[in-house]
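Sending over a structure as structure tokens; questions will come in a sec.
Letters are used for the chains, namely A, B and C, taken in the order the chains are written, and counting of residues starts over at 1 for each.
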Amino acid sequence: MNKIYLDIIEIGGTIAFGLSGAFMAMEKRLDPFGVIIITFVTAIGGGTVRDVLIGKTPVSWLQDNTTAIVILCTAIAALLFGKLLKQLSRTMFFFDSLGLGLFTVVGIERAQNAGLSPLICIALGTTTGCFGGVLRDVLLNNIPLIFRKEIYASACIAGGLLYFGLNRTNILVEYTTTITIVFIVLIRVIAVRYKISLPASYHK
Amino acid sequence: MNKIYLDIIEIGGTIAFGLSGAFMAMEKRLDPFGVIIITFVTAIGGGTVRDVLIGKTPVSWLQDNTTAIVILCTAIAALLFGKLLKQLSRTMFFFDSLGLGLFTVVGIERAQNAGLSPLICIALGTTTGCFGGVLRDVLLNNIPLIFRKEIYASACIAGGLLYFGLNRTNILVEYTTTITIVFIVLIRVIAVRYKISLPASYHK
Amino acid sequence: MNKIYLDIIEIGGTIAFGLSGAFMAMEKRLDPFGVIIITFVTAIGGGTVRDVLIGKTPVSWLQDNTTAIVILCTAIAALLFGKLLKQLSRTMFFFDSLGLGLFTVVGIERAQNAGLSPLICIALGTTTGCFGGVLRDVLLNNIPLIFRKEIYASACIAGGLLYFGLNRTNILVEYTTTITIVFIVLIRVIAVRYKISLPASYHK
């Protein structure tokens, strides 16, 4: 797939993930450096956990400055223009969904490159998509949102199954990647649009 | 020691650890995917932290599907038959204790293979036995249970000391392993049976 | 720089960091093993996260017994002589600040040795200085203190910028190291002395 096109989505996803961290940190009234750290952890958490589990170190965001600079600017923008950015919440939601799709596929492909089985690749794709938000919530002392509300991890898992389904056909890997990303984004957008969520597990 | 015998205990321990995660997640009314993730983290958390600290990556549960499938089935069983499984709580407690003993010894032996000192091996054995539960509690926004109640980490540490004590004698390593596991299980069973716990640290 | 001199500061910093963990754990009335574990995590957390991210494993405290023994003794001393040690709070604060300065510089230098860029080195130096306290607070179910109060991460970042500023001059690296440590300690001491803190981020 087009490298520049992918880079734009990845940077967009990083910004959207980072902003979700920055906003939650600001709601908890952290100081500016707290906001920066939460922005960082939310944006790079999922990929970092994946890289550490696979043993691909130094983890990817350490290896050049781009990611760090993008995240720093995101945090500073959130601190300065928070109100304004909140009005772009639809744009942000779109990028967050796109980021989720892309990060999941990136996670699957990195796990495949490490020679791991499809089941494990799906687990690591889901980790890449979701664990930034999990770490954000743990640091802010909340039960992770994705465990309670909204189709989120489920979208990653469904996307992962589709990815390996398509993999068995003759479809080019570039198409597989794109279809999977679109599929994850669609699940997420439809779920949020129609307020679909999984029922809470019942237990007595 | 007999490989199949060890595998059965390890799978039993994984199931018991996983169930303890699944039940707590269901008590917090997470959605099904939240329950699956907590089941995973509880079952593989301790070994994963150990492998990451030692640098033995990809961490062990990534390398084949067995562990992942066992845990998935455990989570699904907990979701479907939660009430029934709760009635097996004595069986579960037994496996949990057995898992604690086995995981501790596995952790000690992996640390030894990495050439680490006995003190560090005991620390990593305890980590293997206990950190799945710690991560479970952190994700569910509780202060880790093992820091507050019951003989748990203490059983691992006592077991570790016994292990290295026996190691200095002529006893075969197979016996050392078995004796240590039994010892840890016994401490835990007796402590729970007679409601023995360490006093809270006092502080003014 | 003088090796023994550095070792003394590093051990002093480990003790001070560990004590801050032990005292908070005792305030939450954990049992003695809980206190020991929190002491450990607080003292080695920052360096461990750094080593894992860089991929320098087994992480440093696994490689000899010194750190582990120092931390064990610290935890036991806190449990036995908690009241007395609390009266030394000024001494402790001094070591904590010294530890922060030293750990930050150690983190920067380890990251440089791994060939990482200055921006990333500063991020890893800050991680080394701060993440022990972050993990302590997460395990004790608090929002990390450093996100909310006091100049802490900010001192590390300012110190890191100074370090790379001095690096571009002809000043010997030994002096750069010492000046940076003193600078971080000074920022922290002045901030606490005059109750300077960053404003909470405002958000509506």
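Note that contacts are C-beta pairs under 8 Å (C-beta built on N, C-alpha and C of every residue); 3 or more make two chains touch, one makes a residue touch a chain.
All figures in this text were calculated on a predicted structure; none of them were measured in a lab.
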item: Homomeric contact subunit A-subunit C: same or different residue positions, threshold half; value: different
item: Rotational angle, Cα trace of subunit B fitted to subunit C, multiple of 5°; value: 120
item: Approximate Å spacing (C-alpha centroids) for the pair subunit A, subunit C; value: 30
item: Interface hub residues of subunit B, defined as touching at least two other chains; value: 52, 55, 138, 141
item: Footprint of subunit C on subunit A - complex, ascending; value: 23, 25-35, 37-38, 40, 48, 52, 55, 57-59, 62-65, 68-69, 79, 82-83, 138-141
item: For the subunit A and subunit B complex, residues of the former touching the latter; value: 52-55, 114, 116-117, 119-120, 123-124, 134, 138, 141-144, 146-149, 152-154, 157, 197-204
